[in-house]
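Look at the two complexes coming up: chain A is in both, with chain B in one and chain C in the other.
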Partner chain A sequence: MTLPSPMRIREMVRKEFRQLFRDPRTRAVIFVAPVIQLLMFGYAVNTDIRETATFLIDHDRTLESRKLVDAFRATGYFEVVGRSERPLDLVRALDHGDALVGIEIPKGFARDLAAGGTSIQLILDGAESNSATVAQGYAQRIVQRFALERARQRGALPSGGIELRTRAWYNPNLESRVYNVPAVVGVIIMLMCLLLTSLAVVREREFGTLDQLVVSPLTHQELMLSKTLPVAVVGVIDLTAIALIAVFWFDIPIRGFPPTLFLAALLYILSGLAVGLLISTISRTQQEAFMSMFLFLQPAIILSGFFYPIESMPSVFRWVTLLNPVRHFLEIIRAVFLKGEGLATLWPQYVALAIIAVAVLRLAVARFPKSIAA
Partner chain B sequence: MSLTRLLAISRKELLQLRRDARSLYLAFILPLVLLVLFGYAISFDIRNIRMAVLDQSRTPESRELIESFAGSGYFSVVEHLETPADADRALGSSAVRLVLIVPPTFSADLAAGRGAIVQALLDGADANSATIAQNYAEAIVSGYSTRAVARGRRVTLPVTAESRVWYNETLESRNMIVPGLIAVIMSIIAAMLTALTIAREWERGTMEQLAATPVHRLEIVIGKLVPYVAIGLFDVALALSVGVVLFGVPFRGNLLLLGLLSLLFLIGSLGLGIFISAAVKSQVLATQVAMLATFLPALLLSGFIFTLATMPIVLQGLSYVVSARYYVAVTKGILLKGVGASVLWQDALAMVVFAVAGLAMAIGVFRKELA
Partner chain C sequence: MAQPTVVLSDLSRRFRDVEAVDRLTFSVGRGELFGIVGPDGAGKTTTLRMLAGVLRPTGGDARVGGVSVTRDPEGVKRHIAYMSQRFGLYTDLTVRENIDFYADLFRVPADQRARRLERLYQFSGLGPFERRLAGQLSGGMKQKLGLCCALVHEPEIMLLDEPTFGVDPISRRDLWLIVHEMVAAGITVLVATAYLDEAERCDRVAMLHAGQLLALDTPEGFRRRLTGRIQTVRTSAPRQTRDLVAAHPAVQHAVLFGDMLHAILDDPARDWPDVKSRIASAGITILEEAAGEPSLEDVFIHLVTSAPAHA
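After this line comes the complex of A and B, so read on.
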């Protein structure tokens, strides 16, 4: 095998760059789309439960029932958006999606509370199961605290007991954005790499220019290398731009050493390009390439730990995630941004990324001759 | 407008699709893959949260408290730490999500009725999981606390909350996701299949040929839509049957209403896809724009996974021009809530507007291009 020639690669890279930047609209999309995506994603992926729309039915209307409602509102997790006497109005509010939670306080609540035994109803909109689960946890906690306080006041419970003090590290206010925005950066970069490379080879074939390239003195490695280099450059520029937006616009703390992130980004971009090229060599039309890209991207996002914790997946899927470059990069970028970790603890993820990148790239180069014949 | 010419265009489009059979297969495989992943792989059900313990008290009481964490099913104690510094390493390396610290004076404080304090350090990076872990930990500690101070006496709390969950009684994530997923799949189909259809004709130079035929632009647009609407409706049926039969997602509403509104949604989204395709004329660009204009909004601003109510006001406003928003409300409403037209008429009306607008945009862009 002959070594790749730097001169031939340089010429080919120039051609690729020209092709990429010739169309001003493409140029705009390459650099503007990631920014729009980050701004959209960054604000949208907010899974915090605050001021949950709550519908109140208070049949009791006493000082005690108002105190319980105040306990709900004081936490900031619940906001009473409507109240009524008739249970039918609650049904309407939940059916229309105007409220997510209903609280029903029974008649005689204050009396039964004093006598030592009553209960309230919480009605949750299970169609929003994530929010409902979290809201349920908060509501139970609020009622329990209220109950313990009353029990203590009445002397039914000796004083003392145990208090749990919690402190959240890395993200003291438990804002979901802090965790999600770095992950969004990773997903956008993968999307960009795939979009730009998955059409690269198949496009030349559809236009009939692939034959010209094949009869040129370029070797397959040189051809693939020159297809990847320009996109890698674009990827690094995009990553830097949106990482800066994450830090300065979204106020995501960066506690680690930025060059560690850069090294990971290079490996990650390389693995993304490799997957894109592989898709491009397998596909016969641009449409097919676009759809195959989706077929890779969607599972890669779902199985990356982006919003669904990997540890709650069934074990088969947990194993599959090890093959997923997005998973490894998200672990690195989150740990470097939020926890200030470095290579010392994250080296397994780096190794995994490197192995994936090299393996898929080799596969794509090996597939290439067949894609000419197709 | 002539039906023969319209059908001829549809037939041509169908032949072209069949020629590219792999794309067609992908249009059916993709929804299945997404359904299986969302149905089997993911869950917000958080159990066996890994935790570490730093027991500085080492008394029967502290062991009992730790035992009640392990016995709850929500936590599994994977590490016993020696010094507070270990907590830093355990949380930093993501080995555990929570560290429970029981101070040396724990048992003495508890016995004296002074109020003992235990500390929980959470890995706050993943705010969602941390919040859920925090809720569980509070419930466990307060349960143990009540038992400990009561010393064998039965204590009944004066008030409890009984939860009832409507529409999705077991709070299964998949029941929430499958209805929304149908909308997302439809958006993907619209983006992937139609966004390239006209751009391809331009790139291959067949657009002029099409323009030179006596076919009216209305016939081209509708003729091109028909096969994709059929594919889209087939995908809806496929996703529904897998969701309802395999995953047991409830179907409580009216099938006919859902079919009708799905048709409206498809016409609107496919029209938008054709508009994009005809406007940008390049397949590479069309994929990018379709991604930004149809798929991402459908994923993010439709209320599919992310609750619209917690978003900033600008995004909430933006979501009103995302047709998937109305379609997700419709699928969730019909499948889970079993509501009908009396509740959904506003969403239905919005989808009529989108369908008309999508068609008008697709036809309008042709007038300009072919003049």
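After this line comes the complex of A and C, so read on.
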């Protein structure tokens, strides 16, 4: 086997870059789309709830009941959008989606509270399960605090009472953006690597230029290298650009050592290139390449822990996620960004990424020549 | 024949249960313009792809420029240029960028570039379009650019797969001028074509049918193979005329080319009047008639139809 010729690779890479940058649409895909996607995800993917539409039924209408309602409103999480005496109105508001939360304070609330104990009813729109769960958590804390406050005022802190004081480390305000934006960076980079690599090869096949390359002195290794190198460069540039936007625009703290992230990015990009190359070996046309790409990317994102925690997946899927480069990279990027962790704790993820990258690359390299010689 | 530079010996390629190329054996001399003709599916493209070292034979071997395509397919590539039926151009690169890219890939020395480029522009006429994107060229110009790209590394042997496919008549003539230039420059050219009028331009022609070599000869030699003479006739009822003429004992063959009937007769001067009277007595009007030289097309049809059925 002859060694790849750096000169031929240089000529190929030069041609690849020329093609990448010539088409304004491709330029936009490479440099504008990632930024737009980041901005979109940064602003739109927000699982925090604020000013949740709340319908109030206060049968008690006392000072105490108003204080409780004020406690709800003061947090900013709940906004009373309607009130009534009749429970039927609450049902209607929830049915029509006018309110997500209903609070019903029973008659005699103040009296029973003074006498020792009482309860209020919280009704949630379970169809919006994410928001409902979050709202429920807030409501519980508000009621708890309200009760403690009352007890303290009367100087009668229940003996043996435990107060739960919660602190969310790394993301004190539990802002979902801080959690999501680093993950979006990972997903965008994977998308770029898959798209550019697979299309770069498949386009040559569609144009018929691949035939000409095959009869040229260019070897398979040289062809693969010259198809992946430009994408790797674009990937690193994109990563740097959107990471800077994440830090300086979205104020995502970067607590770890940036080169740690860079090393992970290289392994991650390598695995993306490998999958892209593999896709190019099974796709004859650009449409097929697109289809294959989404068949990979969709499950890869769902099983990455981006939106749904891996811990709550059935064990089979938890195992499957170990094969998913996106999962490992998201764990690294979140830990480096938010917790300031480094190789000392994250080495298993690095090793996993490296193994995945090498394994897929080997598979792609093995399949590549056969897919070329049609 | 000059010293052979392309030698096929029992070259075969099987696709599943189809013998696309079946034990082809022939040689092409250095500097020869060699045609491979046959209808679609005859195995022309498969043969050229094997000679280019792109497709592995399933049987036999071929030596191209002295290099075996089975033992050293990569080594073959130094000697040849291969232009596939649809030559792949980078439509998003300019004419000049396309040529430069292939020159770079084949590492054409810098001091020879200018001279070669000038020559290529000279006989392709692409000079004025140097900065145009290849995607915006006409079909004929695209093929010319393909030829330029293939020629930029000055190959010894040029494999052309239907270079004039889908090209207008003017560009077709231009392309053939380029091919003749190449031959004059000492390049051995193997050209596959489905057009038999193009095969007439070749020094020698191999006729392929269903993967097998039907015959190999010079165009002149092929014509001599026909013992009879050609009589062409156009009538008001072409199909009926064909059946009538074919049934006549003096007619070897009668084949329709469009609405023109080509009949092969041993001695038209003696027998044609009788054939004509039969056409007339069937109530068919003769619109046009001529005595002609047999074309390669006549020979080919004759060979195909008189060849023993393939197993």
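Here, the second predicted complex is superposed on the first by the 331 of 374 C-alpha atoms of A that agree within 3 Å, B and C clash if a C-alpha of one lies under 4 Å from a C-alpha of the other, contacts with A are read in each partner's own complex, and residues count from 1 in each chain.
As a working rule, contacts are C-beta pairs under 8 Å (C-beta built on N, C-alpha and C of every residue); 3 or more make two chains touch, one makes a residue touch a chain.
Nothing here was measured: the structure is a model prediction, and the numbers come from that model.
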For this session: Answer with clash or fit: chain B and chain C placed together on chain A by superposition.
Result: fit
Exercise. Looking at the overlay, does A:Val215 come into contact with chain B only (first), chain C only (second), both, or neither?
Worked result: second
For this session: Quick one: classify A:Thr345 as touching chain B (first), chain C (second), both or neither.
Result: first
Exercise. When the two structures are overlaid on chain A, which partner does A:Arg22 contact: first (chain B), second (chain C), both, or neither?
Worked result: second
For this session: Please indicate which partner A:Ala110 is in contact with in the superposed arrangement: first for chain B, second for chain C, both, or neither.
Result: neither
For this session: Give one of first, second, both or neither to describe whether A:Ser176 is in contact with chain B, with chain C, with both, or with none.
Result: first
For this session: Spot which of chain B and chain C makes contact with more residues of chain A, would you?
Result: B
Exercise. Touching A:Ala300 in the superposition: chain B (first), chain C (second), both, neither?
Worked result: neither
Exercise. In the superposed arrangement, does A:Glu288 touch chain B (first), chain C (second), both or neither?
Worked result: first
Seminar exercise, completed: In the overlay, chain B and chain C get no closer at Cα level (Å) than 9
Exercise. What is the shared patch of chain A, the residues that chain B and chain C both contact?
Worked result: 23, 207
Exercise. Which bits of chain A are touching chain C when the two form their complex?
Worked result: 7-8, 11-12, 14-15, 18-19, 22-23, 204, 207-219, 373
Problem set entry | Residues of chain B defined as touching chain A within the complex | 20, 22-23, 26-27, 29-30, 33-34, 37-38, 40-48, 50, 65, 91-94, 109-110, 112-132, 134-139, 141-142, 144-146, 148-151, 155-173, 175-176, 179, 188, 192-193, 196, 200, 203-204, 280, 282-285, 287-289, 291-292, 296-297, 300-301, 305-307, 309-312, 314-315, 329, 332-333, 336-337, 339, 343
Seminar exercise, completed: The chain C residues in contact with chain A across the complex are 52-56, 74, 77-78, 80-82, 84, 86-93, 97, 101-102, 104-107, 149-150
Exercise. What part of chain A is in contact with chain B in the complex they form?
Worked result: 23, 25-26, 29, 33, 36-37, 40-41, 43-53, 68, 94-97, 100, 109, 113-114, 116-134, 136-141, 143-148, 150-151, 154, 156-172, 174-176, 178-179, 191, 195, 199, 203, 206-207, 283-288, 290-292, 294-295, 298-299, 302-303, 307-309, 311-314, 317, 331, 334-335, 338-341, 345
